[in-house]
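Each structure below appears as structure tokens.
Both complexes shown next keep chain A, but they swap its partner, so chain B is in the first and chain C is in the second.
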Partner chain A sequence: MVRESSGHARAVEAVKPALTSYKPARWREPALGLLLASPPVVVVLLLIALPAVQAALFSLGQVPQDNAAYSTGMHLVSSPTLTLAVYRDLLSSPFFRADIKLTAVVTVWSVVLTLLIGYVLSLYVRFASGRLPTAVRSLYLLPMFVPVVIASYALITFYVDRGQLQALLHAAGLGYKPVIYRATGIIIGQVWANIPFAVLMLGSGLDGIPQELVEAAQDVGASPWRILWRIVVPLNIVPALIVLTFTFIGVVGSFTIPFLLGPNAPQMLGVAMNAYFTSYQQPQAAAAMAVMAFLACAVAGGLYVWGTSRTGRTV
Partner chain B sequence: MAKSWFLGVPELRRALGVILVLALGLFLLLPLLTMVVWAFADVWRYPHLLPSSYSLRWWSWVFHNGNMTKAIFWSLTTAPVVTLLSAVICLPAAYSFSRLNFPGRRFFFISLLAANAFPKFGLYISIATLFFRLNLINTFWGVVFIQMINTLVVMTWIPAAGFDSVPRELEEAGRDSGAGPFRVFWRITLPIAMPALIVGGILAFLAAFDEAQGTFIVGAPRITTMPVLMYTLVTNYPEPASAVFSILLAVPSLVLLLIARRFLLAGYLAAGFKGR
Partner chain C sequence: MATFLPDPGSGHETTRLRRRTLLKVLSLAGGAAALSALLEACGGAATATTAPAATTASKTTAASTSAAGGAASTTASSTAASSSAASTSKASTTSAASSAASSGSATSSAASSSASAAGSPPAASGGPVKISFYSGGDVNVQDLWQNSLLPAYKKVAPNVSFDFVFSEHGTGDQGTFDRIAAAKQAGKPSGIDIWETGSLLSQGGAAGLIEKVTASNISNLSKCPQNMIDQINGYGVPYRGSSVILGYNSKMVSDPPKTLDALLAWIKKNPGQFTYCPPDTGGSGGAFVTRVLETGIADADLKFFQTDYDQAKESQWDKGWATLKDLNGSIYNNGFYPKGNVPVLQTMGKGSISVAPLWSDQALSYLQQNLLPPEVKLLQIDPPFYGGASWVGVLNDSQNKAAAYAFLNWLLTPDAQNVVIQKLNGYPGIDWKYMPDDVQKKYADIAKSYSIGFSSKFGNDLNKLWYEKVAGTPAPSKP
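Presenting the complex of A and B:
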């Protein structure tokens, strides 16, 4: 609480001169706006931005002596100037390169599959009639409300070697190729967990496509596929971009799903970060990984900013 | 009829729909169902499709285990407090982002995304150091603050979209009929925006309730919430113990699902993420 109220105080200090030295009517709205908007921004500044800058500087060779968690690490690179040595060491390690590769593969597959399945489902819910679409609407929300550690556990009991899926396939006389503790297991978990957000976003975008437009295209004899590619997909590009961005950010930074469903080696970045910090006692390498993951997420975030600003608030 | 354009033949379309729904349903539900059966299983060996014997002993084990009741207590106290605190911090900001014009509005709005984009583990270490200096390690409020990070985006963006959806004409009509600005806000703006506020609040609660990594770093060993304990259970205890605990852990979330379903489907979440 102390930090938030001091943030308030600082914001008040910042806007005070504005309030006194100019016409109040002109400055009241911006001042009030900044004041009201500042609390969550101050929290982000204190709990995200400052620690992030600290971690980034640490990864570049600036070891803070007053931070025992950092200064007692092993294999410390300490330099008076900024250095990329930590990154060079990491990237030259074949084990870490395998971690990066796994992260990339899992992220791409998870994003593509989530987008694809989300699209098919939202198209079905939007354009099919009857009672089934209503049932689907309730069903796809479910993963959003199941804590991710439980979801991971449930997926393990189902997909694990000699688990329920293998038993079902065995009863049907079919074979089974195990997926848990492999990259496939992580992808299944990510898709499972990310479906609700994808369908909610894409479905809401589809609801905004005017029915008359679709009917007009039908009237001039356009095939369903043509309508999909030439009208529905282009008009729904921003929600798709949002799904892409947020699924990407979620998967790259994820811990629970790859920790419980993934292999012991290689590991995804989130799990490797944890291992380097706690098991290998190399906080500097962990910080460098966090920075790399953040840079990847920042690119995705830039895509989001670009996509949502291009169309403004009309969508 | 107009709705059914996307596949020409009605029978084919219906069959495809049924297959699709069935596949999705199995994909989403079968793992959860398997887990529910495990919670009541005594002996269940591959390749049997159902347990050979059932038992409730893991239920009594969970309820008589001190760690479990402690974790349930901490989860059910931290998450609601996080949600309330997050509402106090974020809702005025949401109103401001929606209704007031100020320099840097778009920048500050998007800057909240940083809370989602920086890998949490890279931060928890620095945050833990900061909390150590502030004597927040191993305290209730330390856990509350760390869990709150995950709630900022949903608690600001979605309610902001809710305030966007309130027609200005209604507010102006209220003012014209002599109501003061606070009266207009309480009687017109707030009730119309309320569903979006509820969606934001529910998603914030879920985010706090679900948080395990930061809670472990800041709260352990005194404050362990249910997801934190779940990690230990999954790795160290037989299947039924985790299954029983999972069901208990899922109950509050599923109650929220029933409450929030209607509001979520009304598109408030999507509106919140569409930027400004």
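Presenting the complex of A and C:
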């Protein structure tokens, strides 16, 4: 998908000069283009943008009386004017702040570890030769084909107390403290689930780095580290950016992994959102959290757009 | 590719134009696709996923769904628009078609249903009636309806057929609710006649979507314990029940605690051997929490907690919260509460814990399937944990009310109730005393009274407070 969009950027570049020289004398064909593009836009507007706007207004104190799922919620803040009371209440709660903190910690760790491990794997697959890299190439794709629920349960049975890892360690005479049902468990799950995308992205970026550049650097005596820092990383910055943003967006809003592998409390944003919506019947607070998550994702999305629009210029 | 095309002279301009347009369209579409993917990723955060609900609410009987302390009904939370769109109407057409036909028979069957007092349903005269029935729960509930109760009713009332729509683990319930609400708003029939779900019934009742059931409509309702009907504010027929009991491993625990105080003392004395699920993930944990919270509630207020709501009264819970927080260090795995009734059963099954509150029906089923070791025994403590009912409500805009009432009345007959007990290891919805003697005797062990949980609104607050006061970080003093 990302490749498509960088292709798209290139297409825009290609069309640009033509566009400036061309004065639209006829409206029919541009209109046809718009029409062809409209179905996805309409779907996005109706099913995502519209409810999102309503939810945002709801979180600002505008309770829609015609939406029973909202108006029958508990502890509603209803105000004739826009108010930030819901956000104020949420952010003043030490428990919710703990939720935010956990979300931030897990997200940062997951993104960093995913990027790091993904980079090492893709470098290995790109530059090493032999049978092992080929095996690794197919192994790292594995998580992509295992549904995340199943993967989570697999991780649980492996890491849980009286689980397989403990049995192994016990046989070796070692003690074990379970790593799941805490932040560590969520991070393990997130990294596991995000590795394939990261390696695919970074790997395709690395494939695009001309071998001659690397060899030329080697010829003039650059060390492998120098080649990595001065050639590989800078040339591969956009895929890294994409991995960063997409992992960020995925982890911030994730539900399954933190629900299954995380602690009872604090909870990550996705889990807390669900709890507020269904278990506490407080849809307004849930909507406010959704808005916050959306804003966080929008920042990451902005980074993504900025990163991919650079592709057109640098490549 | 266009570059290889021969340049056709005068057509030159057109070709270039086409190319340009094509590129423009492609780039627009590409941009839109990227945008929608991005929004979806963000929207994924906003609309909680539906998939995990299946794993969470792995509750064998939706019986526990309760209003009471928020048992298992994990409903998929989704924004109104998307979910109502997702649950595209399946039943609307059928009911619209049958409504005309049924209106004639409806009046006559209503008359005959009041005539047949004992609840033998009217051999309804008139044309065929199709009742649109939305239900939810675990697969055993689906099995109960599709393979036992509905075929049995077909024999009693051959002219009545069902459009049975089942939502596993109730994941579609919120969508159904949104759809009913949307139909009312649009002034159109929702196409749903009866609905089995949990607290959404009373929520829908408050919003004018669900009809109150009374003994004048459904005569057998008088046989149901009144508090079971009150618990849902009268917006549903309690057709089956289940109770939370204490499960213990008799190999590890020779002298099990039989009272609440003894249980609390036992937990402190045997750290790591007990756990329960967070109250919002399963009723078995909810029952334990409710029972402990009740130690601080004045007797005079207990009924209020079960049927009403006033946030100010929640200060009476403080004593219970302190007790539960104090237990935290003695809970399994340094204070881990498995998320759901089934995870608790599994923790017990693998021998990590030796005592836990369990749903009677689930525990019995697990014992039958050898998923729990045979040493696990069940008992009810004193005072008892709560039990819960599962309700079927009638929609306000149903076009087949008379037929629905007749069906629900039949559901509360001993015959139908017996099927429920047999199939689900559950409790009947009607009082045990209305069941045949042999059935009463056979289930003497579990055929005991149970207490009632809190009203759904109190239950919602309880869920939140539990996370904050028991599982959460030590709370700094709050204003």
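Just so it is clear, the second predicted complex is superposed on the first by the 283 of 315 C-alpha atoms of A that agree within 3 Å, B and C clash if a C-alpha of one lies under 4 Å from a C-alpha of the other, contacts with A are read in each partner's own complex, and residues count from 1 in each chain.
Simple rule for what comes next: a contact is a pair of C-beta atoms (placed from the backbone, for glycine too) under 8 Å apart; a residue touches a chain by one contact, two chains touch by 3 or more.
It should be emphasised that the depicted structure is a prediction, and the values quoted were computed from it without experimental measurement.
In the superposed model, A:255 makes contact with both chain B and chain C. In the superposed model, A:158 makes contact with chain B only, not with chain C.
Once chain A of one complex is fitted onto chain A of the other, the partner contacts of A:264 are limited to chain C, with no touch recorded for chain B.
With both structures placed on the common chain, the touch criterion links A:140 to chain B but leaves chain C unconnected.
In the superposed model, A:81 makes contact with neither chain B nor chain C. In the three-chain superposition model, chain A touches both chain B and chain C at residues 1, 4, 29-30, 32-34, 36-37, 40-41, 43-44, 46-52, 54-55, 67-70, 149, 162, 246, 249-250, 252-253, 255-256, 260, 269-270, 273-274, 277, 283, 286, 290-291, 293-294, 297-298, 301, 304. Note for the complex: chain A touches chain C at residues 1, 4-5, 7-8, 11-12, 14-15, 18-19, 22, 29-30, 32-34, 36-37, 40-41, 43-44, 46-52, 54-55, 66-72, 74-75, 93-95, 98, 149, 161-162, 178, 181, 246, 249-250, 252-253, 255-256, 259-260, 263-267, 269-270, 273-283, 286, 290-291, 293-294, 297-298, 301, 304.
If you check the complex, the residues on chain A that touch chain B are 1-2, 4, 29-41, 43-44, 46-52, 54-55, 67-70, 117, 120-121, 123-124, 127-130, 132-133, 135-159, 162-168, 170-171, 192, 195, 197, 200-201, 203-205, 207, 211, 214-215, 218, 224, 227-228, 238-239, 242, 246, 249-250, 252-253, 255-256, 260, 269-270, 273-274, 277, 283, 286-287, 289-291, 293-294, 297-298, 300-301, 304-305, 308-309, 313, 315. Taken in their complex, chain B has these residues touching chain A: 2-8, 13-14, 17-18, 20-21, 24-25, 27-32, 34-35, 38, 46-49, 89-90, 92-93, 95-97, 100-106, 108-123, 125-130, 134, 141, 145-146, 148-149, 152, 155-156, 206, 209-210, 212-213, 226-227, 230-231, 234, 239, 242-243, 246, 249-250, 253-254, 256-257, 261, 264-265, 267, 269-271, 273-276. Touching chain A in their complex are the following residues of chain C: 16-17, 20-21, 23-49, 51-52, 55-56, 70, 74-75, 77, 79-82, 85, 174, 177-178, 181, 185, 203-204, 206-207, 209, 278, 280, 311, 333, 335-337, 339, 350-352, 456-457, 460-461, 463-464, 467-468, 471-473, 475-476, 478.
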